[in-house]
Amino acid sequence: MSIESKLSDLGLKLPAAPIAAGNYLPSVRTGNLLYLAGTICALDGQVTHVGQVGGEQTVDSGYEAAKVCALNTLANIKAAAGSLEAVARFVYVGGYVNAVSGFADSPAVINGASDLFVKLFGEAGKHARAAVAVAGLPRNCTVEIQVVVELKG
Amino acid sequence: MSIESKLSDLGLKLPAAPIAAGNYLPSVRTGNLLYLAGTICALDGQVTHVGQVGGEQTVDSGYEAAKVCALNTLANIKAAAGSLEAVARFVYVGGYVNAVSGFADSPAVINGASDLFVKLFGEAGKHARAAVAVAGLPRNCTVEIQVVVELKG
Amino acid sequence: MSIESKLSDLGLKLPAAPIAAGNYLPSVRTGNLLYLAGTICALDGQVTHVGQVGGEQTVDSGYEAAKVCALNTLANIKAAAGSLEAVARFVYVGGYVNAVSGFADSPAVINGASDLFVKLFGEAGKHARAAVAVAGLPRNCTVEIQVVVELKG
């Protein structure tokens, strides 16, 4: 069963790959590693979740925001590698939560991305991770993730 | 003299490898690189240093917190590679200090981790690094580090 | 035309490589990857831009600060690799903006570094990137970047 079929079974689909918000690329390959640019919670150019967790947003809505970030990263992987099947394994997820000072639950928010990667890719979707709360994110979006995957040789 | 003997000579010992706080792995190997998950200042499940530098914590207590983070990363390296002797060299340390807005001394805090790696591994313990202050960390801990090491081939 | 000639044509020159602010190295090579340490906006030991964007600094002055960070990273690359011509390609830029809580324009600030890399290296200067606002940076500088490049084999 293909990764995109699994995505469809979850009621989700790949969005259009996001437009870069600055002078950078959506991904760069070096050896078998694909470094993805950070992706925010936006679809079709519209930010889906605005503001800080602990302010306008909650852990639960942040979890949904992280899922949107994950979909955008998947779209960038497909654009770079031709297919999601080209992923050998996920390596690293850096998770950034736009949050009020002192916010302590960034792991629960970033699980929104991690859970999706693991549901879709199984063992190959599991990754090392750091999840921190930051002072601000582009367009005042709620979550951004930055991912490194290993591609098949 | 083994790395663990050196640790013992410093009056320290490897803690139990920390339990992941979310849906992620303690480490992922790709080629000879081992990406470690972020580790916080907690031992046996208890956070050792709580709150922000510039608030409840100081640069000095943050330095001690960073040392605890380093011990947890070492425990994760041993769990992944079988032994600390498997490390060819440290490559990168990302240091995150939970701090009040405007905190300017993150390098002095993260030295608590860096100094330990260098004491234990000598030249091979030296690493590139970025140390920043963030708005919040998991469980309101004071410090988190995220490390990449190169393993022997 | 050499990279340093292009730099000169832009009215810029490589600064002295920055002194590490803690117990870390300016760069570490693993395979063909060169991990650079974070570099701040300082020249000859003096911070060029102090304080937070949204406070003492603006997006425009932050853009200039990011350019200074980029020059310092270039100095570290030359010190490690002997010449800027040794760069095969830029891989990743992590951009950290010292900013007030809720700051939403970190990409426009970090473009100050990205634009310079692309002007100098062309296609090889393009990189994946994440740009976030953080609570604080070393010496209360305005911008820090952390870069990974691939060197020629």
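We call the chains A, B and C, going by the order they appear; numbering starts again at 1 in every chain.
Keep in mind that, in the parts below, a residue touches a chain if its C-beta (ideal position, glycine included) is under 8 Å from a C-beta of that chain, and two chains touch if they have at least 3 such contacts.
Keep in mind it's a predicted model, so treat the numbers as computed, not measured.
The angle of the rotation superposing subunit A on subunit B, based on CA atoms and rounded to the nearest 5, is 120 degrees. Of all residue numbers that take part in the contact between subunit A and subunit C, under half occur on both sides, making this a different-residue interface. As a whole-number value, the distance joining the C-alpha centres of subunit A and subunit C reads 24 Å.
Contacts with at least two other chains are made by residues 31, 94, 100-101, 134-135 of subunit C. Contacts from subunit C toward subunit B in the complex involve residues 21-28, 30-31, 35-38, 51-52, 94, 96, 98, 100-101, 134-140, 144, 146.
Across the interface of their complex, subunit C is touched by residues 31-33, 89-94, 97, 99-108, 110-111, 114-115, 118, 126-135, 148, 150 of subunit B.
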